[in-house]
Amino acid sequence: MKKLFNYLRLTFFTLPFLAMQQDKPLRVVFFGDSITQQGVSEKGYITQLRSMLDAKGLGNQYELMGAGIGGNKVYDLYLRIEDDVLAKKPDVVFVYVGINDVWHKRSHGTGTDLDKYVKFYEAIIKKLKDNNIRPILCTPSVIGERMDYSNEQDGDLNLYAAKIRDLAKKHSLGLVDLRAEFQAYLEKNNTNNDERGILTTDRVHLNETGNTFLAEKMMAALLQK
Amino acid sequence: MKKLFNYLRLTFFTLPFLAMQQDKPLRVVFFGDSITQQGVSEKGYITQLRSMLDAKGLGNQYELMGAGIGGNKVYDLYLRIEDDVLAKKPDVVFVYVGINDVWHKRSHGTGTDLDKYVKFYEAIIKKLKDNNIRPILCTPSVIGERMDYSNEQDGDLNLYAAKIRDLAKKHSLGLVDLRAEFQAYLEKNNTNNDERGILTTDRVHLNETGNTFLAEKMMAALLQK
Amino acid sequence: MKKLFNYLRLTFFTLPFLAMQQDKPLRVVFFGDSITQQGVSEKGYITQLRSMLDAKGLGNQYELMGAGIGGNKVYDLYLRIEDDVLAKKPDVVFVYVGINDVWHKRSHGTGTDLDKYVKFYEAIIKKLKDNNIRPILCTPSVIGERMDYSNEQDGDLNLYAAKIRDLAKKHSLGLVDLRAEFQAYLEKNNTNNDERGILTTDRVHLNETGNTFLAEKMMAALLQK
Amino acid sequence: MKKLFNYLRLTFFTLPFLAMQQDKPLRVVFFGDSITQQGVSEKGYITQLRSMLDAKGLGNQYELMGAGIGGNKVYDLYLRIEDDVLAKKPDVVFVYVGINDVWHKRSHGTGTDLDKYVKFYEAIIKKLKDNNIRPILCTPSVIGERMDYSNEQDGDLNLYAAKIRDLAKKHSLGLVDLRAEFQAYLEKNNTNNDERGILTTDRVHLNETGNTFLAEKMMAALLQK
């Protein structure tokens, strides 16, 4: 008898809540560059994150969408935020950009000045907040996996990452400090001081381990409300 | 008798119009980089243009304002157009930007990709037209005055200038083709193939002759309604 | 009788000479970068030049050898001249280098300063002349085939090419002015102002037409003693 | 008696040796870039080192000579080693080069590839050893004094410095590990994480404290025979 009562109570209180959640899962957009573009592939970090949430029985509470385009820098995100993010009416947006802003200084001569990086980044934050969207910021991960700060762009990546940390603090936003997380992982696991092959295939883009690593960090930030 | 009538008619119709013009001169903003920032100095091209208009008795019909900041690239103009241009409610805006977009590729690694240059440039044009402001476009002049296309950035300047010409045509806008004008002048006058000293002091910034040359080209475009 | 005598005299004097030439053909080394490395492939310019000489019946008078390595700049040639050129004891060496010296400024940040380019180039000339080898200089061809000087490196290529012309004059050396030859060809044949596909596959490396074009220019310089 | 004998023996054997040393002081050349060029100024590190040696009563045992030229990279040293170093017939040469090899990648597009840096560096070592000169190698100090590896060139400087350490080990040469020494000093003393002003005036060139610091490190290496 008590069991039945409990069952009813469970049904009574839980069903409407579940129903509501099923009607409207949290919509999450990952906004970034080629790493995020690859994030929706079979072993990509967004795909893996979806599986992780499913395994936790949270799959129906989150709708994950990729919005990554290869080669994008901060102002590319700015230029396409209406079409590719706001139009999707997300609740949460992970902003993960900066590697090309630094890298393209060398490879194309068209990287982004630090002060402009911050300006456009803040313009993105503003647009998201003006639309009641919660931004979660990510520091740029790596260009080269050597763990002794001898990758060519390490200096700049550290500098740009520091600015993202400042922005997260200034605007009280969630932060996935990928730069620090990758560095900590590589110090432990890259004993040969290799340039690639631990979390990346090519110094930048993630191998399966890297995508898993990223998915775990993203999930932690997503569940930490 | 008919002559008198004509005179009266002329007076009758014209005076109010002139009066109106005197009440409200055409407000012209020069929007650009360090060359324009220096344009308001004693011998600068904006100052010289004002004198030229005065000499033609047109001084009270034009109000000239400088809005140049050193080091600016196209997206710097974009980021400050509201504060520095729209707020001044101009009728005409000369857009003169591109040298740093090309030059900073080499000097800072933070030049502007050609496609982004066009995107931000068109965003500027749109903002001006949306505010009923007439844009007049200027092609980037020179980085180095050698006349045989052996200045390091000549290739890129030619490429970016071609895009400005396309934009002027596409949007039916006035164009001051400084790149072509400078080249033509230098082919005639730079017989030693010097790098500087003909129209510039330092390969980029204008000497007095250069400022006069620029003022003349700007005036021609301004008077050509 | 006189005719017979003449015939005999001809035989007498000429045959040993021809024999000598057949015994010891002129040894020609092509010293350069990836374009020259590809020059020894099936359709490469060195291979084509060999066929052209054969077709003229001059095949046994010339021994052609490639010494090109991808990515080489002037000081790479300098560093390997003993092993890769002098050790082969050539009579003539085509020096064809400069594209990477200019290109790597943008792509790797490790191009060659103009003054160092000249210094190492002259050190190469000196080593060749000290070994009684005749250098033939080549100006750098193209990085991009647009014919209106709107390829990004056109300015620098024109500048470096001018220095090679000066060096050829200063040291009284043969010159293959590839830069001027390509430009003239492209002005006539690149009516769409395309970036590639006329003489190159990828803006730099030669397609079959380009290799034929190069072989012709090299042959003209080689036969002009 | 034995004591007296020992004293005499010491006198007998040592005095002539000291006399010889006084007759012919050790000739030391500092071979490098603008930092070394400034090293011979009034407060420069070479000048300070001379005073330090004087204060130790060792002034007449060392003859110090500067051979620094602003903007020099490793192949500039290579190109002028005969005239500027070998001609002076030194006993010891401090080789302190690498900052411009890294820096000019960004500022001029003409930095030095790591593998060429090593090749020319080894060619310099060889020329010194072939002339019975003892090379002492120095790792490149800093471009920017931030102590958290957020100076733009930190990655590359760490990489190039590691190669110098390898070269010193491989050739069994003295090493002044300026990179490590500066980093250790800055970690302690640059509590504001400033970009300049601790040991440098402008992120690269040394202030008086920096010159003193350098002189001390150089002296330690010089006296350690």
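Think of it as A, B, C and D in the order they're written, each chain with its own count starting at 1.
The criterion applied here is as follows: contacts are C-beta pairs under 8 Å (C-beta built on N, C-alpha and C of every residue); 3 or more make two chains touch, one makes a residue touch a chain.
By chain, with names taken from UniProt: A, B, C, D = G-D-S-L family lipolytic protein.
From a predicted model like this one, the values you see are computed outputs, not experimental measurements.
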Farthest CA centroid from chain B: chain D
Can we say the copies chain C and chain D touch using the same residue numbers, with more than half in common, or are the two sides different?
same
Return the distance between the CA-based centres of chain B and chain C, expressed in whole Å.
46
Counting in whole Å, what is the centre-to-centre distance of chain A and chain D, each centre being its mean C-alpha position?
46
Interface hub residues of chain D, defined as touching at least two other chains
105-106, 108-109
So, in the complex, the side of chain D touching chain A is made of residues 105-106, 144, 148-156, 158-159, 162
Which stretch or stretches of chain D touch chain B in the complex?
106-109
Touching residues of chain C toward chain D in the complex: what are they?
75-76, 79, 104-106, 108-113, 116, 119-120
